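Below is one structure. I have some questions about it.
Order as written gives the chain letters A, B, C, D and E; numbering starts at 1 within each chain.
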């Protein structure tokens, strides 16, 4: 085989594959709108603070001014108004979004990783199936709150020491959420793997002599992608909410770290007096989840070569 | 006329878990218990003691208190019967003491009976409490809603280890109070009806009472002030804007009364650094590297605007204070120095103390060490606002502040294994509120004795959380324990209060928090009381006609 | 089938024992103590004594074994005694809540009715809403109805109940005054009026929960119906000349419901477990509220017992779901 | 190639007494209470370069034989010697090393290709597993294989769905060829294909055999196709071999009644041949978990004798090169 | 109608298009055929040639969207099925036209017992009571040769073997004594011995009941065995149609010829090599303007690219009655492909 004939095809390879995915993805209108919205949202939380340069925790040190600045409705100075101690809500939304989105994404990844691993192992290896499924039952039955309390209690200081207080907390929160929310995806993946395992192409790989490890990576995992994507989109929503509950219980970030979940919680408290305050984080969270959901749909279609080919 | 006014609906959003105040001293439980059980005497809205089952308040003057202060003799009113119709006797009173002091009973009010040697019953209507040593304040036992009289006949079998398994007794105690329990759903709802044998034939006006639990302060306030579902809601601590909005509803009003509850910042006098070996953190072995200098502590206090805190967090339910003991008047110091914020003064103090911002990062430093502190408190919306505000002011004077909020169950739980209890104080400053029972501050002030510092030796159970230790203070505590006479005792308390606040600034009082409840406009006769149960005079309540 | 059930039950015993141990250790190990509600005015010595009186100072294994004995021997005896008027228990110590000093099973007994009515009704209504929506949006895939349904259920998932609950309270209870904000657990239905009252106080929490449940179940239903609509037997039914109604509501539905019914069965334990957030918002004081309250004050016996019962329910309903699957789907045989 | 021809007469594959039971567990303790006797005591040999056809009804255990030979299932008993090694006895690593020698082509070309892998990935997988070729070399080999099976090189980056059934089956064959195997089990390689495409695949298999000296076990239920491709044919019924004969002998004169019925049931595309006598078998195949006593064809056999219900006939040589398991053909010695 | 009686089913110029996201698929193009009473019409053609779509178009079984039956007439007696209101069409399905599908494993509803599935059309179309329907169901099961029919009514499909399920399907299709039975590859999923049983059964039933049958299959052998006439489809069109003997012995269309040659024979001399039809089936994205078989046709010439051939009669009889073919090329003498 000469280089000349191989080269053009090789060149074509990586590009065409991802372009195909992209082309198909673009056909999914919902997913495209969602992607644009999510990008806007990401820009809002990432680039926003560079433009809107108010510190989310800034309280006017002059008490007289501070008192005057409390509980303001939207205005040019504070497009989303201020909270009960005069902090700028727009800045808090931006800053909070960073944390919420980061936590949600990473926690979801952790949950999906654990869930998929357990599900694949249980589905593929009959011998450990019973054990892993009983483990899943156990986690389902465990009371979440004490579990989180214990985790935080055991590891917070250690994590803070190694990674610094905010990174340490971040890691711990993400792990805590991940560790307590993988069970459903594990079940789904297991069911899927049980079926996939009997597919002829897995048998074909065995006949080639592919070891189990690579069969799983190459043949099983890519094909459980679609249920995992569904679980992932649901996981994002759950993670944002769980983070807010954690913060609320004092298990999350330090109290001066705004997150969407916490803003929502605080907003609900003030719902009678300042109903708009619950609206911002409420919209942000719901919109994120909706977007992720539609993107997940689009991605699932786009990643499936069968649908893509149509 | 008894029972003429139908049903009274009371809301305790922290639900009542038992009606026996000896098994749980949670305020909600004690107050609900006061619907049924009576002490010998209680406190009125001004903190004065008023007889209840007793004929009068014994004093040295009327001979009720022995001249050597070693005993007090109460006379019971004649003809008082329990709700089951049997007469109340001094045996019941004596039994109550035995019940609470049984070593295996786990009585929550043990402190009320401390120092009692024996209780004698010379006749069915006379009770003599004999103390082991002279008691300058002999009114602790059997007074206030926390120490009511139990019926011997009912609780006879519930002494000691059996106390907690007497479910029926604990949830439906027989009492002398205006109401009788008919149904008790734990942590949910209690149904009571008028006591047919109540000592005042015309009372109570209500035939039935429901005490409901659940929800939060906001919902509780709303249920009285907005929807009118309830007649009275306890502890409706909500933020001032909401207070205003709800009052506009016109269905009810908020009532408040100030007592001794003070929200404060305690300053750790010992080093909480996590670099220290476990067991030495936050112990007197290592003094605090920053706060050993009183000027720093004072600067922190000066930088705070307490008026703003009240306006943001409490509104009518609080007032700024500089004192640890804000009431009653005879023992409250009149210090008001701290009430105006003084940022410049605070900065000056820090500069004097050698803390300057040498590297221009906005944070002061000294000898290469940054003026950076960890500020912890429990999870609570108001406290988090306070944290944010105080952090802002402290940042303004060049102090870096890291905030931490802890689940109240952990923070106040006192679990020796947890690093997050307020006693362990693994932080530089911490915020919480505390008060004392009744009107006498002696036990409260003696919390700051050197030997009450929490540490590994006492499983971190000491009460001297800021680890203040001053022999002069200890001497004052000793003096107080043998001083008789309201005035003299008051003077001593003031002095000690100033030592802890104005002079040393180890405690930075912030807000004097009153009791704050919501009352429907249709209820008459309610008198708010911060010294006893808020339901202390429920027998006098009636429905507006 | 019977052996299948027996086998699963046998397997469940060690699982449940392990779960109970893990829960016990976990709850015990969690920071926080039963003393957190006791006011700071109570001095440390007294607190110590109170702990001792509850037995909370004993080693954890001793307490665990004691709990096991109480749960599996003493409490059943009391149950039998209560049913038949016998006296097997002979006054043995029951599982007693540290917080309220009341037997935990009594608390559960008091809490269960309201949890079952509210959460159960909500679940039922949720199902009743979800099924038609799910079926119709699958039948008219990509129609406006379907798009709307998808949107609705996604939002239903993503908006937390504490948000919807509070909004409903604000609008319908506070502003409009149609419904009470606080649930009366003492209310007995005796006449027309009390029935109306009951319905009124159930309206809001049931709505919140039903919406949430409906969102989830309608997704499953839609997916399942969609899958079955493409099956060959649907074509057969049409070829037989069956009306669309029969095709959809008999042939497709029966098959589609098989997975949905298992999802529903697996969700049923939550009906008993209560909806923690919703119960708190609407002050229902059901099991969920009891559990969260007990966790907050580290009331170990209560937390342990409720959680364990919940675990039993989860394991049991897992089994029931499997059995249901077998009953509904004649192809599946267990032996 | 030369090698293959040199050993043409020697058996490359020797299967003796192969049994493959799938255990049935029942009861409370999951006790082993029975077996699905998918393959019950099967023996045959295949010479190098030869094609053995394996025919029989669905569920009679054809695929199981194929898979057990390649140890995709762990056989319950028996020896399978391929090219000198006893496959069931090999240690896992040795088995992996042995894999290149024996390969398989699957029934459903759609199901046997991972829908998310490109053709190049699929064909390249065995190369990844067993060789250390560089990316260039691997690609070169992939193209070579694609040429061999008649796939356009430009298709290398396409996904399986984009191919017709016949092309998909070519991909599967290319994958099987990647490691230069000597023995290929073709498990119904044409069953899922359209008639017009079947011929392409069969021709390809034949070409490859000629060029590479391959040995095939060709599993199929299409008797006309087996007649076309196989040198010898084994007829299976319910986990056992009913007859093994050279192709022409079998088709001209089936000895076993089942083989006879099977052949007669095949519809022929010749409207004039309708007069041919059909043997219509009654009833269904019994369950392999519960095979009948005696001869396992006795429940449907048109020529059943009382002895068939009692004694299981053994596979025995009935004519030169022909093995049959039937009491009609091998009258049992009266001594039993 | 010059020849014979009036056909039971007469299809003229049927056109079906799938409107999909990726563009239109012209699955059926101008298909015409007719069916006499008691006749068995075999339909062959490679996969995707439009056999199933044609038959399902007739009775409105295609999901719409995406399917759009956009042309032609389908006369069943006096009714045009394509313009009949849906309700009327539904009344015809199952009652006057019975349908048997390819896969007996999935075509029966797994959760209802066999009896209820047979009784459903009886009660729907014949208005029978439950008891009457049950009696009839037993009859039907006996008719298709299922022993112990009464007891088997209560069985579920999974308790039947593939062959028995296919018999049940046939029983359902026959339930209301239809005029036409359409069987779409009813034996493809079955074993040869079972297939032989079913074929035997159909022959028998046809004699007994005398209905017209359309039998779709891949398998030329099956057609040869049972059909009276055969229709060959390719690329959504009918390319050849005629009496079985005529078509098999003298195939006119190059595709038919190729098809016959690809099949190895069970008897007679063994070919050294099978003849394969090279190339790909046509993509049906537009109505054909040229002969769809042209790219694979060994005899293609200029005209084939320019013009899609119309069907022309071989034996002089009307199109659809005798032997006709849609091809520009004229086949040479027939001995070339005839079987020896």
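Here are a few things to note about the model shown:
Everything below uses one rule, namely that a contact is a pair of C-beta atoms (placed from the backbone, for glycine too) under 8 Å apart; a residue touches a chain by one contact, two chains touch by 3 or more.
Just so it is clear, the structure is predicted and the values come from calculations on it, not from any experiment.
Most remote chain with respect to subunit D, judged by CA-atom centres, is B.
The chain with its C-alpha centre at the largest distance from the centre of subunit A is E.
Counting C-beta pairs in contact, the chain pair with the highest total is B-C.
Centroids of subunit A and subunit C (each the mean of its C-alpha atoms) stand 27 Å apart.
Centres computed as Cα averages put subunit A at a distance of 53 Å from subunit E.
With centres set at the average Cα position, the gap from subunit C to subunit E is 55 Å. Distance between chain centres (mean CA atoms), subunit B to subunit C: 38 Å. In subunit A, the positions touching at least two other chains are 149, 153, 272.
Looking at subunit B, one finds that residues 222, 407, 410-411, 418-420 touch two or more other chains.
In subunit D, no residue touches two or more other chains. Contact residues on subunit E toward subunit D in their complex (touch as defined above): 46-47, 161-164, 191-197, 199-200, 218-225, 244-245, 248-249, 258-260, 262-267, 270-271, 273-278, 280-281, 339.
Every residue of subunit B that touches subunit A in the complex is listed here, in rising order: 218, 222, 239, 241-242, 245, 274, 305, 307-308, 311-312, 341, 343, 378-379, 381, 384-385, 387-389, 391-393, 395-396, 402-407, 410-411, 418-420. Listed in rising order, the residues of subunit A touching subunit C in the complex are 130, 134, 137-138, 140-143, 145-147, 149-150, 153, 234, 237, 241, 244, 264-265, 268, 271-272, 275, 278, 282, 285-286, 288-290, 293.
Across the complex, subunit B meets subunit C through its residues 11, 15, 17-18, 20, 23-27, 103-111, 161, 163-167, 170-171, 183, 185-189, 191, 210, 212-215, 219, 222-223, 226-227, 229-230, 407-415, 417-420, 432, 434-437, 443-444, 458, 461-463. Residues 231-233, 235-243, 246, 251, 254-255, 258, 328-331 of subunit C are the ones that touch subunit E when the two sit in their complex.
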